[in-house]
Each structure stands twice: as structure tokens, then as C-alpha cells.
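There's a structure below that I have some questions on.
In this document, chain identifiers A, B, C and D correspond to the written order of the chains, with residue numbering beginning at 1 in each.
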Amino acid sequence: MEKYIKEHTLKPNEIERYGRQLITPDIGVSGQMSLCNSSVLIIGAGGLGCPVALYLSSAGIGTLGLVDYDTVEISNLHRQIGHRESSKGISKAVSLSKTISELNSLIKVNTYETTFTSETAMEIIKNYDIVVDASDNVATRYLVNDACVLTGKPLVSGSALKWEGQITCYNYNNGPCYRCIFPTPPPVETVTKCSDGGVLGPIVGVIGSLQALEVIKILTNNKEGVLSGRLLIYDGMSAVFRTVRIRGKQSGCNVCGDKPTVTQLIDYTQFCQSNYSESAGK
Amino acid sequence: MEKYIKEHTLKPNEIERYGRQLITPDIGVSGQMSLCNSSVLIIGAGGLGCPVALYLSSAGIGTLGLVDYDTVEISNLHRQIGHRESSKGISKAVSLSKTISELNSLIKVNTYETTFTSETAMEIIKNYDIVVDASDNVATRYLVNDACVLTGKPLVSGSALKWEGQITCYNYNNGPCYRCIFPTPPPVETVTKCSDGGVLGPIVGVIGSLQALEVIKILTNNKEGVLSGRLLIYDGMSAVFRTVRIRGKQSGCNVCGDKPTVTQLIDYTQFCQSNYSESAGK
Amino acid sequence: MKVKIELSGGLELLFDKKKVHEIEFSDKNEIPLKDLILYMRDNLLKERSELFVVDDTVRPGILVLINDADWELFGGISYNVEDKDTIIFISTLHGG
Amino acid sequence: MKVKIELSGGLELLFDKKKVHEIEFSDKNEIPLKDLILYMRDNLLKERSELFVVDDTVRPGILVLINDADWELFGGISYNVEDKDTIIFISTLHGG
């Protein structure tokens, strides 16, 4: 249902820019106002982070935070469409911030040229309404999950490798968190990195776009449609998607359960036996 | 299966740039060489055309053609992530060409600041291996289909509106064409335009990324996976995709059948009772 | 017999904005697809029926799926709908 | 009984790169999921079994689906696989 409200705070240049978005059913003027008044933190400005940031900035999310310690390399550009050749060697967070500012100067962008760690996470995350996990390694995924649970933020989590991708939302509307589904980190030798296995640009394009849409659904309060308690699995080679039902919030979960054992951030590199950075592991 | 070949024509800067793509299974060095030696024509530099062009240029398609008569408006920017505010008023084909050249200077881009019509289509299309339909109206869709059938080019067709999208490949590997599935144009009053119904950026992001991947599969000869004879239907609100089986090539089809009645391009604005441009219909 | 009907591509707007309809015909074991379409027109769709049915079949631009496959693979309008079939009506999109 | 097994997220690489395996147990009507997993380890997977099975269950990081739903909703490893069930093993991805 389209929601029209008489008193709104959108400026004429916002009406002009977002017109075809706010006439979309279930967005409406009130939905657009929610987007403009919200803040989203994106962990990772790489293959997934680029489409997420491009679509969220163009949609008019009021404040975007971009966290990435890496710098742009030419070998990133086959899939990281938010960077430019001229950004080679500079921070990915800054490079992506520059691109999205040229696309939409109405929004605010904060860049964090730092590794997201147990030391930096809480100070950064507290300023945002929603977190997007667009990272590339196991340790960061557990860290982001726990930080979201401890601060009560919904987490839109996407991942990709080769021809495949996966996406779901954690810690949303009393749904499960990452640890509810994966209480124990995978053995190190079973984890394939994009730098080893390869990954195609359109795969991260699909998953990143899907992550941006989940953020929009959460912020416009389209609760029923949110991918919570459901996991979307994508096989690009066969062009088949599968939406499967996963377990709900687990009362025995170590971080979001009834008697959590994790009540503050831990050392995730130790927990996962791996680094916070894909490249650091090489 | 990864294909390694000893004699290849990739230059060192191509190996550097496409390394993580060419190590992906079923791409390989030979697949990358195919991409670098291919040409793709994209009809429409709007919501779908932007992600298609960004991902195909970054993947290293040798030559991209961009056809669009429109100019960039601020109201496009909520979903057309390949343009910039500073491109306001200039040709969409030129604006998008500028963005992708900054992303990958190794590829060649041709811009056609013209409406794709029965008069211009054949001269443009003959220079390309594959065509992507990223247009926004019925008349252009029939025109592009017939031009592809008459010139024997595979067609990767995507469309989107509001929270939904659809994608399939036509005229590929003896599969059906658009007219096989839709022999008669829809009544004008049943066609909703994006300018009336709205559309969300991530929806065109998903469909455009999927179109780029189909192009890559066709060019790298991953025949089995190509969405031919199958239609992918996407409902973004419920986060559900459905891949359905559609009819094969129809012997009675007016353009690709055994006794075609359409042997050269016709007047599609008359056939469809509508214009080649969404905005012209306003 | 029970039939599940799904609508997409905007067609649901003609049917009370509901994307899924479950219909039960307690007196039948099967029903010609043509009769089901006319039933939908006369009972589920209240106005502007020409946006759904033209000449006693679905209008051009609507793709009909029988259990996730194109109805042309099953004889099109002459198919007999059986118990527990899912019939999907998709309006093709043209935007971009 | 017949069981359909699907592998994704790279797990298919351990199983001859085949994403779909159909297994028939002509002498059984049902089989404990644990036995099926050990059967897969011993018969379909030839080397590096520790990448699939640890402590007689799937290793951490693999999600098991029974007919498109999380196995935890059906009792996990203690589920009894029935005729025509589809069991999916998904290795979770971490890249981006």
C-alpha cells in the first residue's frame, strides 16, 4: 500500500531526485523520509561493498559509513565497480566515498580507513541504525555479528565466491544471529578465499544489490518481506536461486541466547584461527 | 573445468587486471581471451544498462556499444548508478561511456546518441556479437528481437518495474525468440512504465547484474547454464526468485519460424501502438 | 479439488492486490483451464476484465505457467486443471 | 528408497565436481541421516574426508537442508531420511 502523508520534511530537490522511488508501492513519502533519516554502516568496500554503497547512496540513505583498511589495486577492478583506475593505491573507503558523492551529493559519507576489530568496532557501530556485512573473511563475520547483537543492530549479511552467493539478515525482529546458525567457526583449511578461488563481478553485483534491497525493506518497515530466518542461495552458473528456511533464534546461542557467554567482543582472529583481512592471510 | 592454454594473447596488464576472474572455474585463460575479443551492444543506458555496462566493462569485454537517445536527469540517479550529477543534461550514452572508461581504459566503447529504430538498428547491430536489451518500452523490445533474429545474434533480455524483474536469453542455441513467447504485443493500456509505477535501484541492479552474467556465460561457451528456454522471475519484496521452463522455438513464429512473415524490420511503433521511448509517451 | 493461483508482474493489482489465491471446487475433480480463467474473471476480478481476458483467453502479454512450466508445453488454454495444480499468471514487464 | 543429494558452496569439489547425486537403497525404507552422511563419506568421497565429516557429523560451516529447510527444524543429525527426500549440503561462503 502506498502511504501518502501531508506533512513531510522532504525538500524539493529530494522530491525531484527520489520521485520515481517514492511512488513505488510500499515505499511512499514516509518510506523515503525514513531512508533520508537513516544511517547504514557498510563493512568492506570491495566486491559486495561497491554495489551496496552505490545503491544505498543513490536511494538517499542519509548517512553511510564505509569501513575498509585496504587500498585499491588494479586486480580489484574486474568486480569492484565503485572504484576507478585513478584511485589505485588510495584507500578503498575514500575511493568509494568519492564515487558515491559524485552520484548523490545530498547524503553524508563517513570513511573509516581502519580494520574493523574488537577494539574499533563498538565505537564505529554505535552511530548507525543498520550494519551491512560485505567483508571477505570468517573472523570479521563473527566480529560483525557479535557487535550487532551486543548493540542491537540488524545485520544484512552477504557473501560470494566463484559463481555462487548467499544472503540473509541476522539479528532482525527477534530472528537468528550468525552464531545461531554457525556456532563453531569452520576449520581454516575449508575456507576458500576469493583470491584463491576467484569470483565474478556480476555475482557480487547480484548479492550486493540484494543486500541493498534488504536494507531498504528494513528501513521502510516492510517486515514481512525481509530475509530473516530465510537464506537465499544463488548459483550463477545454473541461474538458479533457492530461498530456504533456516532455524530461528536459538535460546542456547552463545551471544544472543538466554545465557550468553559472549557479553563483550572477544579476539576473533584467535576464535577463528585466521586474520581480519583476506589479503593478510596470503 | 578450468581451461589452461599455453599460448595466449593476454598482455601482462590484462593478466594483472583479470587475474581473479580468469582463475574462476569455467572461465580460465581461454574464457578471458574470448571476453577480450568480443563485442556487446547494450540497448539503453538507464537503470538496467548501467549495471550491465559497468560489469561487462570491468570484466574486459573488448568492445561495448551503448545506444541511448536520452540525457541524464537528476530523477534518474536514484537507480542509474553509472551516471553522475555532473552529467546532468548530457547524453546518457556518453555519460555512461565516461564512467566505464575510468573503470577500465583497456576496452573500447562506442556511443550511439540515437534512438534505436528500424532505420538505425541494422547498421549498428552488425558490428556486435551479442545484444543486451536494457530498454524501457514494448516497441523497442520487438524491434531488438527482430533485429537479433534477422542478424543471428543472441539477445539477453531483462526488464524491471516496481519491486519485480524478469530475465531470459532469446535466439540462443536454437532456443525461442521474444515473438515465440509473445507473438502479439500487449494492449497499450496494460503496459505500466517505470515513470508511472516507480522502480527501485536494487531491482535493476539485480537484473542488470544477471544480464551481464548471461553475456559472460554465452561468450565463454558455458552453454548449459545459459537462461535459454527458461525465464527467471524475481519478486524483490518477498525475496523469491523462480526459474520457469518456457516453450522452445516455435515453428510458426512470424520472425524465427519456418515460414517467417517478418523478413525485414517493420514499423514497431505502429505494430505496438506506442513509442520507442518511455519518455516520449508521457 | 483445490487449485493454487499466483499472480505477478502487476496482475495482482486486478485481484485485490493478493498475489496468491486458493480456490476449491468441491464438486469437481478437474476443470478446463479456460473455465478457470473465466471463473477468475467473473468471481475474483471485479472491474476492467479486459486487462486480464480478451476473446475468452488471457490477453497478449500474459504468460501462463502450469506448475512452473509454460502452458504451451501442456496444450495451452485446452489444458485440464487437476487437483493441487498451481497456475501462475505473469504479466511481462517492459521497463528498465 | 531413493534420496537426492545436492552439494553447493564448493562442497561439490569433494564429490567428483557433481552437484547432484541420486542414491538408491533398494533394501531400505528409511535411513538415519547420520548413516547417510557416513555412507557419503565412505562411498562418494574418496579423499580428505575431514573437509566434510568431523566427529561423525558434518564439519562446522556446512548447513544441511532437508527438503529446503534447515535440518535443525527436523532434529538435525538424528533425522530419519525417507524415500524421495532431498538433502542439501551447503558450505557457507565468506568471500566478498
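Here, a residue touches a chain if its C-beta (ideal position, glycine included) is under 8 Å from a C-beta of that chain, and two chains touch if they have at least 3 such contacts.
Predicted model, so just to flag it, every value in this text is computed and none were measured.
Participant: Distance-wise, how many Å sit between the C-alpha centres of chain A and chain D, to the nearest whole number?
Facilitator: Once rounded, the distance between the two centres reads 30 Å.
Participant: Quick one: report the Å distance separating chain A from chain C, using the average Cα coordinate of each chain.
Facilitator: 38
Participant: Residue numbers in chain A touching 2 or more other chains?
Facilitator: 162, 194, 197, 199
Participant: Where in chain C do residues touch two or more other chains at once?
Facilitator: Not one residue in chain C touches at least two other chains.
Participant: Select the category (line, ring, star, complete, other) that matches the graph of chains linked by touching.
Facilitator: line
Participant: Among all the chains shown, which pairs meet the touch rule set out at the top?
Facilitator: All chain pairs meeting the touch criterion are A-B, A-D, B-C.
Participant: Across the complex, what residues on chain D touch chain A?
Facilitator: It is residues 8-10, 19, 50-51, 54, 59-63, 65, 68-70, 72-73, 88, 90-96 of chain D that touch chain A.
Participant: Touching residues of chain B toward chain A in the complex: what are they?
Facilitator: 13, 16-27, 51, 54-55, 58-60, 74-75, 77-81, 83-86, 102-105, 162-163, 194-203, 205-206, 208-210, 212-214, 216-217, 222, 224-227, 230, 232, 236-241, 243
Participant: Tell me, which parts of chain A touch chain D in their complex?
Facilitator: These residues of chain A touch chain D: 44, 46-49, 133-138, 141, 158-162, 164-166, 181-187, 189-194, 197, 199, 204, 231, 233, 235, 242, 244-247, 278.
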